[in-house]
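In what follows, chain A forms one complex with chain B and a second complex with chain C.
And now, the complex of A and B:
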């Protein structure tokens, strides 16, 4: 038995190597280069905290953090609420063509951002977009959704597109949770005269709170890592996306792969990581107050 | 019998002499491996050129590393970091200048001085030269801009065609004349209000007497009132509706489609786009004239291009082989192939006959060839061009394109930020 123990280590070796090479090393190396001047082409030169200080001094970093925070504040609650509502409706026994509806709501998830971005930028077009045309039918003046003077309008528009894209994914997770709600519990509640709303708020929601919590955590992380939605809607980093609507991942991408400033890019990435970690811990702190695991 | 012996001896002697020649030849041209990077594969660089080089240089063992443009440019940075890059490849000129500053590119000035007669080439040969005299690459091709006009629109409106003597004031006046509105809805614009650097804001600031950077490429010129005036003229055209706006262009299929369909009468068109015009809009009746003259009477023809560079980390033999390839690329034979492609202008003057006699639209290709000879200018490219160009574009979008802030505010912000980038990288 003792002689066979080493086989366990040998069998786990491919996974361990994978983790070391593709996970641990990049993490450690990115931390290291955040303290260096590194352009990919020449060896890194140690410069201490300079990158961190420079990033924190830049107005662009704080604007990008402001934007991504507002983006998350709009995106996470709306997406979670809508996904929950749609999952609940799709879970109704009386509903016909469930598969078709599930497919309909999940379709945006599998649509590439490249295509979705083009379509949405068309819909948002100030002069010729379908949204402004529709508003015009009610006598509402056109809105410059993506190039509005107010950054809040732009970030809100983008967050709503992200809701459209990500809702299906959250809906599937919540639907899976709702399908585990014991049917007999719902039936006995119905016999006792509980309305649909009461069943939703007093039975279904408490049972699926672990799923809701997971959806919120995942959505928050993905919101702070927003990248594709901005690139898709604005057509690329080189088109000159306004600083007023920049998010951290765009600046990281630009600094690293367009300007070859790996030091500031890594420092920004680590700062973003600390922000996400803090928010996740904050969410975890309140978890026990509303999430029921039994 | 004796005669036969003599012939035999002669033949043996001949074979020996030939062998010596071949051996001698082999000694001067020892085998060498050369890795050539081709972004955009053979869609961008004619396969004919590579095949001819391989056929005429048997001692050079060529390995081609090809990839679609986007993939290549993201891959090459990783390759450089890992020291596995090709010996010679090309990218945008501004990127090459950045590589030069970072020590990735070989200085080609000594090679050019040794092997090329620079009088045979246009000034664009030195697009990648720094103010200090280093040459980080030689052009893959040059893409200048000319004023394209839709003949049908002009004829229908009874307006005379543009000429090489036009100024920007003529362009603006004619654009106003050619603009047609039905109520508030524009039916036709006089000119395409492009906002990218090459055919958008850069020619407008140059014509007004301004520039992006000074001659040393170390000082921002966005505080120059002439630079601001140029930007304002472009904004005014868009705002007052005789230049197209970004929404109109987008909704009608892009700049080329708008121009080809006659929804806009004039356009600053890059040379390479003639291929798209021929393929997508063969029936459009159009031609070009030289870029209009600036307020000072000079002509400025913005030109962009891709530039070949030799890796500074290649072996000595590979560097010589790479330069052999670039010399071949700059030869009459290959420059004629480049000229015939129509996708870019060659840099050798002798090849311009091929361009000018192509017989395809636009017929007046001299607007490009003579245009760059007369006033070809790069886009004030330097090693930090990618960085400061982005900052300018952000503010141009805000002010000129979308009118969210005034041009003066944008110019002041650009000046501050561009100067900071230039100072940081001194």
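And now, the complex of A and C:
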């Protein structure tokens, strides 16, 4: 540490500007807009709680919250479980070609969402999709994955694509955690006759619980902010996505940049933020029950 | 599992991992395969993995007629400018936080960590209004300027790295009469290469794959980046082969960068838990 204070301010100045202009001001202003009627062209008009009440009264908001919650409930457990399993398998000392496997599992993470979306929507195609063709080999009737009458089917399909895209990232974090498990401990457990399953549940899992927790928090937050996956699969915000499967970030984007209803859009954005915050705090509360820190 | 692991368990291990890897990689295979099909062959049942006949004309159409050549150039320019900005600004700010003791240091540090938690959708609308005030909508400025002001992730990464360098470096340079900017540019920046390359890769991936930003700010077709170009193709409902050719073009550069920089990328994620 050095006492040339002014240099500290000079070096950090860009970030201070960044925080004031692109963080503090937007937060305050976004809160303000949520209490106004504002269409970008006329000055904002104060209307109190009207936007908030209207958003909460509309069925659309609750539909989008239902969809995004179900999306997260499918996506987070499946992704975490698969990432844990793959990381555990990749961590086996006997395994050859580890880095090649890791590469394959990680590839979707670096792939642009739009590319992933167009190829999955093509594979999901009702008539010509390769998935329905494959299921047909086993006598399973074709499923209209992305445009099914039932919203549960559509949300599940989207969530599974999200698992494919995001699993590698969780896997890498969990793998890093597992590499901290001392190999000698596992070996001596094996000599004492502990089965692979016992080693997994009694040694590996407890040690990596902080990583599992982190992975779950990060993927829950990202699930509630889902946007790109919808854009990639459906090719637009107003085209093809039915009201029945909308999620909050889509309605926020549509209300603000297509319909110019900045007030309701800002109120929805804040509501989404509060929901995410509440869920994160909730997960934190239960953290103590199962996460072990050394 | 060690050498005494029973053979059938080893076999099971490989079967599971290979089956999983096939699921992970198949969409890429299918993307490439479809991109090489003629319009007639796209809907062929049963589907072929190796197209017959092989048709490379989709790439030519997408590259020239749909102007992916232009979008690719645009994407590379924006990514390049953002990488320069992110590397310089993040390391400058990190150096300031790591080396000097000043009153607001801790405040700035806490705010930096807090910014990672503020969701994009809350700040999105006011940020748009700021750029509207500056009259730079439908330009690349909103996509480039912020990276020159330092991002929380990059600063954090650089800060942790610079902190790990020995303090004597700074002290002996001061004794030799070097000024702080001199110390930064001549000593700390060159020594931070590993962290800089990690940040460089993250910035490349983040900017290259960014869809929301360009979607909000760009209207003129000739200014589009690749993700917007592909979104445009998708919304026009062109045939699948063309769309997949576009998807291959947008995926290839990130995959190459990832293969070249795999080590930095994976370590960065493992150590911070974040992805740029």
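Definition applied: the second predicted complex is superposed on the first by the 279 of 294 C-alpha atoms of A that agree within 3 Å, B and C clash if a C-alpha of one lies under 4 Å from a C-alpha of the other, contacts with A are read in each partner's own complex, and residues count from 1 in each chain.
Everything below uses one rule, namely that a contact is a pair of C-beta atoms (placed from the backbone, for glycine too) under 8 Å apart; a residue touches a chain by one contact, two chains touch by 3 or more.
None of these values were measured; they are calculated from a predicted model.
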item: Partners on chain A (chain B, chain C) - clash or fit; value: clash
item: Partner chain(s) touched by A:12 [first = chain B, second = chain C, both, neither]; value: second
item: More chain A residues in contact - chain B or chain C; value: C
item: Contacts of A:201 with chain B and chain C, given as first, second, both or neither; value: neither
item: First, second, both or neither for A:257, with chain B first and chain C second; value: both
item: Chain B versus chain C as contact partner of A:241, first or second or both or neither; value: first
item: Which superposed partner A:4 touches (first chain B, second chain C, both, neither); value: second
item: Which superposed partner A:126 touches (first chain B, second chain C, both, neither); value: first
item: Touching partner for A:188 - first (chain B), second (chain C), both, neither; value: neither
item: Stretch of chain B penetrating chain C in the combined three-chain arrangement, among 74-82, 92-100 or 110-118; value: 74-82
item: Chain A positions touched by chain B in one structure and by chain C in the second; value: 40, 122, 125, 127-128, 239, 257
item: Partner chain C, residues of chain A touching it in the complex; value: 1-5, 7-12, 14-19, 21-23, 25-27, 29-30, 33, 40, 82, 86, 89-90, 92-95, 99, 101-123, 125, 127-128, 130, 133, 164, 167-169, 172-173, 175-176, 187, 190, 196, 214-215, 218, 225, 227-228, 231-232, 235-236, 239, 248-249, 252-253, 256-257, 262, 265-266, 269-270, 272-273, 276
item: Parts of chain A lying in touch with chain B, wherever the complex brings them together; value: 39-42, 122, 125-128, 144, 147, 149, 237-243, 254, 257-260
item: Residues on chain B engaged by chain A in the complex (per definition of touch); value: 74, 77-78, 80-81, 98-99, 102-104, 245, 247-248, 250-251, 386-387, 390, 392-394, 396-398, 401-402, 404
item: Complex contact set, residues of chain C against chain A; value: 1-3, 5, 9-10, 13-14, 16-17, 20-21, 23-25, 27-28, 30-31, 34, 42-43, 45-47, 89, 92-93, 95-97, 99-105, 108, 111-112, 115, 118-130, 132, 146, 148-151, 155, 170, 174, 180, 184, 205, 208-209, 211-212, 215-216, 226-227, 230-231, 233-235, 237, 240, 243-244, 246-248, 250-251, 254-255, 257-259, 262, 265-266, 269-271, 273-275
